[in-house]
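Across the two complexes that follow, chain A remains constant while its partner is chain B and subsequently chain C.
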Partner chain A sequence: MAYLITKENIKNLLTDLIKLKAVFAPKKDAEDTVLFGKLSSSSEWHGDALLTHTTAKDKVYLQSETFFKIKRNKSGVTIEDGPEPEETVIFGCRPCDARGFDIIGKLFNWSNFVDEYYTKRIAKTTIICISCEKPESTCFCTSFTKGSPVNETGSDVLLTNIKDGKYLAESITDKGRKLIGDNSKYFTEASKADEEAKVTFKAEAEKKIAKKLDLAEVKRKLEPAFESVYWDTVHLPCVKCGACTFVCPTCYCFDITEKAFDNINSVRVRSWDTCMNELFTRMAGGVNPRTDTKKRFRQRFMHKFNYHVDNFKEELCTGCGRCIKACPVSIDIRKVIEEIR
Partner chain B sequence: MAENIYKPHLAKVVEVKVETVDIKSYKFELLDPGVRKTFSWKAGQFLILDIFGVGETIFTFANPQTRNEFIECSIRKVGQVTEAIHELEAGAIVGIRGPYGNWFPFDKWQGKNLLYIAGGVGLAALRSPIEFALDTFKDFKKKTILYGARSPLDICYKDRFSDWEKVPDTEIILTADKGAEGWKHKVGFVPTVLKEVHLSPADSVAIICGPPIMIKFVLKELLDLGFTPEQIVTTLEMRMKCGLGKCGRCNVKNIYICKDGPVFTYAQLKELPDEY
Partner chain C sequence: MDKELQEIIKKLLAEKKVDWAIGYEKAYDELSTRPAFVQDANDTARLIFNKYCINNLGLYLTKFKKNKLAVVCKGCDIATVFELIKEKQFSRENVVVIGVACEGVLDKKTGKQLEKCENCRVKQPKGADFTVGTGKDSAAPKNFLDVVEFEKKSSKEKAEFWNRQFEKCIRCYACRNVCPVCYCPDCFANRTMPEYLNKNVDAEENKLFHMIRMQHVFGRCTDCKACDTACPVNIPLTLLTKKLAKDAKELFNYESGADMDVLPPLSTYNEADSESDIL
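Here is the complex of A and B:
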C-alpha cells in the first residue's frame, strides 16, 4: 500500500517518534561529519547528504556489544544477561544501507545458529529508508540483482521524493505497516499517478549511476584466480588500515574478548574485526595462513564476490561505494574486481 | 526462545593431570544435571572452553562419546588463555559451549584397518577417535597407532598405552625425534618410521594429526605407499573465535573450518587453496 507524506509531516512524524523510541538519522557531529546520530529534535535531521560517512550498521550490529556480565565469587560463577534492546528507528538511510541489514541478517541466522543479539535488535528496529535522487560517482548499486536507488530490500518503509516536498511512502513489512498505521494522521493515500511517478524517479536516478559491473562475470573470473599474479601487485598501495571494512554495510567479521575489571567482575564483548588486520588469523605460536597484505587483500575481494556468493547466492556488497571514499590510497573496489585476471 | 549460542554451560574442573612439560589433561563436569544428560558429541568435534575473566579457546574433545562420564581436554600451554588454564585446580568453575564442527565418519569405516598417525600434541586430537575405535573394536580390523614426539619426555598419554594395547588387533608404534637413556622404542621422525613399517593401504584409512610439516611429509609417504586421497583423513587448525561460522576468520575458500570441518579427507583438501 502506498501513501503520500509531506516533508513538513515527516518532521512531525520524527518529533512524535523521538518521544517514543530511539531515532537515529543522518546528523552532523561536532566536526560537521554527517553520521547516524540519535535525534533529540527533528531539526537535527540532515537529509541533504546522500550518504553518511559510516553506515547505520552499528545501530543494530553494535561495534562493541556486551554479550553478558560475569561475576566470580566464592559461591561460583553467575552470568548475567545484558538489557533487552530498546525500540529503535533508523530514519533516512539509503537502499544500499537497508539491503546491508538483509544481507548480514542471513549470516547471523546461518545454519541453525541464531545470533540473538542481532536478531533481537533488528526485530525492534524499524527502518525508514529514503530513495536516492542524486546518486554519486562512487555509487554502483545497480550492478546487483536487488540493487537500485529505489530498492526496498531491508527497509520497513521506503520514502521516495516524487515531487517537490512530497514523498511516496511504501510500507514494505508488517513493522512498516504498523508505523504508518500508528501515525496515519501524517499520511494520505497515494494515487496511481503518484505510484507511477516513482517509475520516472527510478529511471532518472539510475541514469546517474555511471558504472554497472557484470558481477556474474566477476565471479567467473574470481573462481580460478586464487593463485593469479594479479594479487601480487594490485594490493601494493594498501596500507591495511581496514577503513574499507569498517565503513562497509555488509562486513560482519568480529572478535570475542573478555574485559576483566577486577578479580570478580568481567564482561564478554563482541567487537567488529577485519580481515585486513594481521592478527585476524594469527594462531598461537605465530603460524598465520594470511601473513601478508596480498593474502588479506585477496580475502576481502574473494569473500565479497566469490565465497559469499557460493554460500548465500548473493554478493557481500551493496554498491554503496563508501570504501572507495574511505580508502586513504584511493583503492576502488569496482576497478579491483573488474580488472581481475 | 532458543538458547543463546554464545553463552557457555557452567562446568567444574574435576581432575587435572600433568602429561608433559607443557600439556595437562583436564576432566570437566557440567554443573546442571539436565545439561549433563543431553550434552553429547562425536569424536572429532571440538568445544569452546571459557576461562571466566580471561577468555575463550578451542579444544578437541579428548574423550570419545563412548567414555562420556566427564568432558576431557588435553591442553598445551601456548598463550594467554592456555596459560590461565594451566593454573586451574580441581574445583575451579569454567564454561563450556559446543559441541562444534564435524566428526570422523566411523560409520563409513566399518570393517577397515585404521592407521592413526600423530605428532606431538596431535595425539590429543586423535585420542577420541582412537578410543572410540577401541571401544567398538569389533567393527574394525587392525588398529595401528604411530605416534612421534620430540623426545621421550614429550610423549603424551604414556599411561594409556598399556590399556590400548590390550584391545585385540591393536599395535602402538612409538618414536622420538631424539632418543634417550632407557628409550626402547624407535628413534626418528614419523614419516621415516612410516616408510620403515610399510603399512598396506589395502582396506585401510589413515587418520593423521600433527604439526603442518609432519603432515606434509606423512602425506607424501602415504601416497607413495599407495593410499588414495580419499583414504587419508586429517583435521585442520585455524584461529577461531565463534565456532559457529559467523566471526569470519577460519575460512579457506567458502569453507569455514569451525562449521564445515575440522575433519577433512585429503581429497577434499586438495580442492582447497593453500591458505591454512
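Here is the complex of A and C:
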C-alpha cells in the first residue's frame, strides 16, 4: 500500500516518534562528519548527505555488545545480563544500508542457529529508508540482483521523493504498516500517478550509476584465483587498517573478549573484528594461518564475492561504496574484483 | 611534469638501480589518487602527480626493508624519509628520493587544501636525489595559532571536545596504519598478553589508544597529517600532532626530519632537558 507524506509532515512524524522511541538519523557535527545519531529534535536530521560516514549497522549489531557482567557483592557472585534493547527507529538510511540488515540478518539466523542479541534488537527496530536521488561516483548498487536506489529489501517503510517536498511512502513489512497506521494523520493515500512517478525516479537515479559489474563473472574468476599471482601485487598499497570493514553495512565478523577489573569483577563483550587485522586469525600459542598481509587482503574479497555466495546465494556487499571512500589509500573494491586473473 | 617524473623512474628501473618505484596513480575519480607500485620500466605511464596526491609514501619504506626503492616525495614527505633513516629503519643507500614540487594538496573528503600547506616552506623539495618541477615556498613560517587557541580552553572544555571526538572513533586503526613512524610490528594495541587495550570500543578505551599513540610518536611525528586525513570519521588528529610538533620545538628546539645529524629528543639525554612533562 502506498501513501504520500510531505517533508513538513516527515518532521512532525519524527517529533512524535522521538517522544516514544530512540530515533537514529543522519546528524552532522562540527567536523562535517555525518553519522547516525540519536535525535532529540527533528531539526537535527541532516537529510542532504547521500551517505553517512559509517553505516546504521552499529545501531542493531553494536560495535561492542555487553553479553553479561560478573559482579561480586556481599551475598556472593552475581551474573547480570547486558542492557535490554529499547524500541528503536532508524530513519533516513539508504536502500544499500537497509539491504545490509537483510544480509546479516540471514547470517545471524543461519540454519538452526539464532543469534539472540541481533535478533532481539532487529525485532525492536523499525527502519525508514529514503531512496537515493543523486547516487555518487562510488555507488554500484545496481550491480546486484536486488540492488537499486529504490530497493525496499530490509526496509520497513520506503520513502521516495517523487516531487518537490512530496514523498511516496510504501509500507513493506508489518512493522512498517503499523508505523504508518499509528501515525495515519500525516499520510494521505497515493494515486496511480504517484506510484508511476516512482518508476521515472528509479530510471533517473539508476542512470547516474555508471559502474555495473558482472558479479557472476567475478565469482567464476575468483573461484580458481586463490593462488593467483594477482594478489602478490594488488595488495601492496593496502595499509591493513580496518576502515573498509568497519564502515561496511555487511561485514559482520566479531571477537568475544573479557575485560577483567579484578579476579572476579568482569564483563564479557562482543566487539567487531576485522579480517585486515593480524590478531583476527592469531590463535592461542601464537600460530597464525594468515600472517602475510596478502592473505588478509585476499580474504576480504574472497569472502564477500566467493564464499558467501556459496553459502547464501548472494554477495556480502550492497554496493554502497563506503569502503572506497573511507580507504586512506583509495583502493577501489570494484577495480580489485574486476581485474582478478 | 608527469612525463619528466615517469622518465626518471623508467631510467632507474631499466638500469636496475631500484627494485620498486612508489608513486601515485589516478584512483576512482578525478579527485582521488592512490599509491602505485611499479616494478617494470614499461609500466611507468600510469604515474602522475597532482594536487590530490595526499598520501605520504614514506609509509612504505619500512614495509620494503629488503628492497631498493625509488619513492616520490613531496617536500613534507622527505622529512618522514629522513626521520626513518635516522631511526635506522632504512639505509640512505637503499632509497632514491624523487622530490616533486608541490603547490599544496587537497583533502579528498572536503575538497579543501590541507592546513599544513598554507605556510609550507618545502614546496620546493630539499634533500632529494632528483627534483621535478619548481615550487615557491611560503614566506611565513609554520605557525601554531590553532593549537595556541585550543590551549587557552579550560580543562573542562578540552575534555568535552576530545570526549566527543573519541566517542566517534571506531578504532579501525587507519590513523596508526598510515602513520610512517608507527612501524612497530607488534603494536601495544594488538598485544593480548598482557592486554594493554581492551577490544571494547568506547570513548574511554579509544582515548587511551590515541593518547598512547601520541606519546609514542612524540619527537618523531613529522606532522604530515596522514592520520588526520585517513580518519573515516574526521577526528581532528591534526590538533594533537601539531601540539606534538609545537612541544618538540619549544621544549627541545627539535623539528622532526629537519636535520639529519640531530637525534630525536627522547632518544638522547641532556641534564638541561625540560622536565615540564614530569608530574
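In this text, the second predicted complex is superposed on the first by the 331 of 341 C-alpha atoms of A that agree within 3 Å, B and C clash if a C-alpha of one lies under 4 Å from a C-alpha of the other, contacts with A are read in each partner's own complex, and residues count from 1 in each chain.
The definition used in the following text is that a residue touches a chain if its C-beta (ideal position, glycine included) is under 8 Å from a C-beta of that chain, and two chains touch if they have at least 3 such contacts.
Nothing here was measured: the structure is a model prediction, and the numbers come from that model.
In the superposition on chain A, A:E206 makes contact with neither chain B nor chain C. Contacts of A:F246 after superposition: chain C is touched, whereas chain B is not reached. After overlaying the two complexes on the shared chain, residue contacts for A:H308 are found with chain B alone; chain C is out of touch. With both structures placed on the common chain, the touch criterion links A:T54 to chain C but leaves chain B unconnected.
Contacts of A:P328 after superposition: chain C is touched, whereas chain B is not reached. Applying the stated contact rule after C-alpha superposition, one finds that A:I70 touches chain B and leaves chain C untouched. Contacts of A:E338 after superposition on the shared chain: neither chain B nor chain C is touched.
In the superposed model, A:C275 makes contact with chain B only, not with chain C. Residue contacts after overlaying the shared chain place A:E133 against neither chain B nor chain C.
In the superposition on chain A, chain A positions 255, 257, 273 are in contact with chain B in one complex as well as with chain C in the other. Across the interface of their complex, chain A is touched by residues 27-29, 32-37, 39, 55, 59-60, 108-110, 164-165, 168, 170-174, 176-178, 190, 192, 198-202, 226, 229-230, 232-236 of chain C. Contact residues on chain A toward chain C in their complex (touch as defined above): 29, 31-33, 35, 53-54, 63-64, 137-138, 233, 236-237, 239-243, 245-247, 255, 257, 259, 267, 269, 271-274, 277-279, 324-326, 328-332, 334-335. If you check the complex, the residues on chain A that touch chain B are 67-68, 70, 72, 76-77, 79, 81, 107-108, 110-111, 113-117, 226-227, 252-258, 260, 263, 266, 268, 270, 273, 275, 280-285, 287-290, 295, 299, 302-303, 306-308, 310-311.
In the complex of the two chains, the chain B residues touching chain A come out as 1-2, 4-8, 10, 31, 52-56, 78-79, 82, 93, 95, 212, 237-239, 241-242, 244-254, 259, 273, 275-276.
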